[in-house]
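Remarks on the structure that follows.
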Amino acid sequence: MRALPLSKALFGSAVVFFLMAPLFAILPLAFTDSIFLNYPIPRFSIRWFTELLTADAWRRSIINSLVIGVGTTVLATILGTVAALGLRGKSFSLLFGFFRTVFLLPMVVPAVVLGVGMQLMFAQYGLANTYLGVIVAHTVIAIPFVVVNVTAALQGIDHRLENAAASLGASPAVVLQKITLPLALPGVVSGAVFAFATSLDEVVLTLFVAGPNQRTVARQMFSTIRENISPAIAAAAFLFIVGTVALGALVLLIRQRSVRSL
Amino acid sequence: MRALPLSKALFGSAVVFFLMAPLFAILPLAFTDSIFLNYPIPRFSIRWFTELLTADAWRRSIINSLVIGVGTTVLATILGTVAALGLRGKSFSLLFGFFRTVFLLPMVVPAVVLGVGMQLMFAQYGLANTYLGVIVAHTVIAIPFVVVNVTAALQGIDHRLENAAASLGASPAVVLQKITLPLALPGVVSGAVFAFATSLDEVVLTLFVAGPNQRTVARQMFSTIRENISPAIAAAAFLFIVGTVALGALVLLIRQRSVRSL
Amino acid sequence: MSNAFIHFDKVSKAFGIMTVVDDLDLTIGKGEFVSMLGPSGSGKTTLLMMLAGFEKPTSGSISVAGKRVDALPPHKRNMGVVFQNYALFPHMTVSENVAFPLKMRGASRSEMVERVTKVLDMVQLGAFHERKPIQLSGGQQQRVALARALVFEPEVVLMDEPLGALDKKLREQMQMDIRDIHHRLGLTIVFVTHDQTEALTMSDRIAIFNHGKIEQIGSPSEIYDRPRTQFVAEFIGETNLLSGKVSSFNDGILSVILEGGQLLRVTSASKIEVGKSVKVSIRPEGIELGQSGLGENELRVRVSDIVYHGDHLQVQVEAGNNPLVVKATRQTLAPQIGEEVTASFSPSQCWIVT
Amino acid sequence: MSNAFIHFDKVSKAFGIMTVVDDLDLTIGKGEFVSMLGPSGSGKTTLLMMLAGFEKPTSGSISVAGKRVDALPPHKRNMGVVFQNYALFPHMTVSENVAFPLKMRGASRSEMVERVTKVLDMVQLGAFHERKPIQLSGGQQQRVALARALVFEPEVVLMDEPLGALDKKLREQMQMDIRDIHHRLGLTIVFVTHDQTEALTMSDRIAIFNHGKIEQIGSPSEIYDRPRTQFVAEFIGETNLLSGKVSSFNDGILSVILEGGQLLRVTSASKIEVGKSVKVSIRPEGIELGQSGLGENELRVRVSDIVYHGDHLQVQVEAGNNPLVVKATRQTLAPQIGEEVTASFSPSQCWIVT
């Protein structure tokens, strides 16, 4: 049923253009020589990339993004993987439905709502305006991605492999370590990459829970654009996209390798 | 391998608490009598819900959220379904990888980057500060959810059903209409619900592309909290969560019905 | 094959560098029941898919009733197709499934009701009109699929391992039903299977596929009793293959000297040159074991194993260095393991294969 | 069953309201090869899973070598399990797969190498140590699974339809190999299958499962020749069932008057009361067709259909209102459809089932 191929192709291209247009609009401006975020571009230069790496506010924000991103990735990957293992194989119980809803809730609850709640809570526990607070906040919204990816990987594992390992003498802990986790690894890595990307991209929560010392790149872009619209934003966006595409390629690569080896 | 059940249960509960805590922190405040978003709650009342429905700014924002949400849902569902149909069955080609990446890009590209790009682009095409502009912006980030859901539904359809229909005399268009779409319907509905939820929740893009006339509830909450922290926000959050849970229940119901009937 | 109805003319199909169907000619007569039998990957299903229109030949042409069909899309070919997994539409009732091809042809409401009722009665599912497919057993689903493929009275019905998912008893019942419907309606049926019993019991002719080519086509008894190649002899039923050299040819009887030195007398339709190396195929049920010989060919053998099969015994014997398998009926007295006995078989039980 | 090695004592297993194994007793001797045969859902696989420890009995106890095992987790039961889909670890090489149980038992490096090499040589995979499972054919993967289940020298090996995914020729080869290993190593093997040929050819004893109970257990020939119930007679092989009433019993020979009025003489080990309604099972290969009668029982029949099966003909005849199936060898002259002939069979071919 490879029918209507031409109309599909035309329509597909239109949708692609539709989705890509905002990116195409902003990315060339990363290389402008002007101090305005405007077309036409007078001359090309990499001055805004230099600015990113030398201006104190931008340098700090890059370091913050990396620290918070790595922290979030570690925390979310561990919690999310354990949660996925715990949810596993209970797909028909009511409890499972409840837990799954809870784990996926942060994916659909508005960031504004979460942000307000966290602000209130963090103030009470002294987490407001700390790195730990930001990491915890980002972890809450990163966990669903880890759970979804690891759950998918676990669903792909034949239970009989684990039964076979048990019958050959492996205790449950050894089965987990030697069979289940190695086979779920591609999902865990995908989840970790998504968690990292989520942390990098997050703005709204960061606005609520982070102090001036925890400004991330996304947060910095957000304020910059509201204060003065400088092409540094376009340069930061460019770096973001390059990083995202690299991470995406990594995930695809891992998935394909695991498909091949399974 | 239902092993280590106690430790899993304990850990699971801890993670659930971790995820739910911000919501538990904010939701009770919706029913406060006080004008401050603070504990302890002096007396319970529904005055802030009344405020939501009578104050002009909030009423407008609710109408705006519904108009933009419905517009986004319709546009994203149509475009996303067509895209999923177009991508279908090409999972091993390089082109597929490219298109899939494009469709999922808005899911991982920072909203700030998209927002800046759209602001630039929309200004040029006269879409800035219009309902259509906001709907288009929301559609860009809602499409991936539709594509993911519809693609999953399409993957669950046995190709031989469509071959059978063709052999029985159905032209490709009829196969699409009578077999493929009815069978993919649960995925389309799930995607539509996700698109609606995404539109409701979106803040960052709205900040960039919407004018004062297109303030959505999420945007209104965001500004309110930065201007004066009133419990109206908690009331709005409460309505949001109730709406989200209702939508989630709808999706689960549709999925289960489709599982039963297939 | 009285009149060529379906005709494959030098049809090839390649997926990338894999040639799945290789320059294949095949003619099927009107009203014939032809089975395509072969190992998986031998091209039999691909050939069926090309006939149905789901795949396009890489080269060659396919015609039905004198008209080329290989450029027609599937929905214009007017063939009923029955799939292994039944491919019933899960969102429609049994009636709606069966009415689907009639609706596609713009039949009137009353005509649809009448024909659906008639065909569902024929497959003994008159009471199941309003059920959904999921509420039916495997055998019932297969009957609905059959009804749906027959209701628009196509001239050709294609079946792709339709009975593969059913258990043994049900499969045998459905074999009888399909055979019956074939005789009653005079349909042309092309039937793909990997089950040799199915092919032997149902078909007018069997085409044996191997590596995208037809190794042999003929009636069941031609295929079983006079296999042309070693592949066919081993694929259909069990067989013993003995290697030897032709030493003489007289009056339709070949003399073959086996590698162990024993002499066999073999009937052969065609003359084969003296001195040529040949393989002789002898079916296990064609050999009798006893204390003394009975037939024209006798081999002294030692019994190495006896395996109980319920309705028969499978006796493994060694004839010099050649292992032979013999199917012994339970009526005759079984020999003991280790015993020396005589295996005898007539020249007509021997057949030369290439 | 010389010595009870594995013992199921009143074992039941229910999933929710579904009772899958129902108050079942079964004793398996050391070194025995016992097959569990039955339709899907009859409880045979659940019983195996309980023996392996993957499922817990709802009630009753399981003991091995005198010790209760039903509270032990699977990894402490020391049983080799072979699964239908092989269940090889995809992220490990063949060697690593086979070494896995040795590693779990803390074997030394040199002992592991030695034993893995030995067992892989035994299953003729000495050259495949470093391959990943995905690089092997189905038959090779099954051999690795077998090696892995044998390498730690368990006293019991459990096999869950291990040959179900292989094609016919390979399956027959593996049947011979497993039979061989069983004899050589003196293993106790519990083998679940739904393939009756597999059960008949490999087992010391066969247990026929139906609705969570064992309908009959015995040697292959006991099961085939002396089925206790109608279910067993129909499940193993094909059979003809005739209904009648006992009219007399003399010297181990029952006289049965069929519903059509004909008289049959039937051997019976036990006395059955005169006047009782019985079913007589006669295997299709036990009946001979001819112009005149040969045996003590003769029925005048009309041939209604003849189906070619290669090594035999399946002849369907009508004896009064009873349809009978007869397996005719190809050596005898086949009757024609519509012809009236005599079907004869000796009393020893008849067997009373309940």
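In this document, chain identifiers A, B, C and D correspond to the written order of the chains, with residue numbering beginning at 1 in each.
Note that in this section contacts are C-beta pairs under 8 Å (C-beta built on N, C-alpha and C of every residue); 3 or more make two chains touch, one makes a residue touch a chain.
All values derive from a computational prediction rather than experimental measurement.
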Checklist line | chain A and chain B: spacing of chain centres that average the CA atoms, whole Å | finding: 17
Checklist line | Centroid distance [mean C-alpha coordinates] between chain D and chain C, Å | finding: 27
Note to self: Need the CA-centroid distance for the pair chain A / chain C, whole Å please.
What the structure shows: 56
Next item on the list: Send over the residues of chain A in touch with two or more other chains.
Entry: 163, 166, 172
Check: Residues of chain D touching 2+ other chains?
Finding: none
Item checked: Arrangement of touching chains [line / ring / star / complete / other] -> ring
Margin query: Taking the top-of-page definition of touch, could you list the pairs of chains it picks out?
Written below: A-B, A-D, B-C, C-D
Next item on the list: Could you pull out which chain A residues touch chain D in their complex?
Entry: 158, 160-161, 163-172, 174, 178-179, 182-183, 261-262
Checklist line | chain A residues touching chain B - in the complex, by the definition given at the top | finding: 1-4, 8-9, 11-12, 15-16, 18-27, 29, 37, 39, 79, 82-83, 85-86, 89, 97, 99, 101-103, 105-106, 108-118, 120-121, 136, 140, 143, 159, 162-163, 166, 172-173, 175-176, 180, 194, 197, 200-201, 203-204, 208, 218, 221-222, 225, 233-234, 237, 240-241, 244-245, 247-248, 252
Note to self: Give the list of chain C residues in touch with chain D in this complex.
What the structure shows: 39-40, 167, 169, 194, 196-197, 200-201, 220-221, 224, 234, 236-237, 283-285, 307-312, 314, 327, 329-330
Next item on the list: Please name which positions on chain C make contact with chain B in the complex.
Entry: 52-54, 73-75, 77-81, 83, 85, 87, 89-91, 100-101, 104-105, 132, 134, 148-149, 152, 158
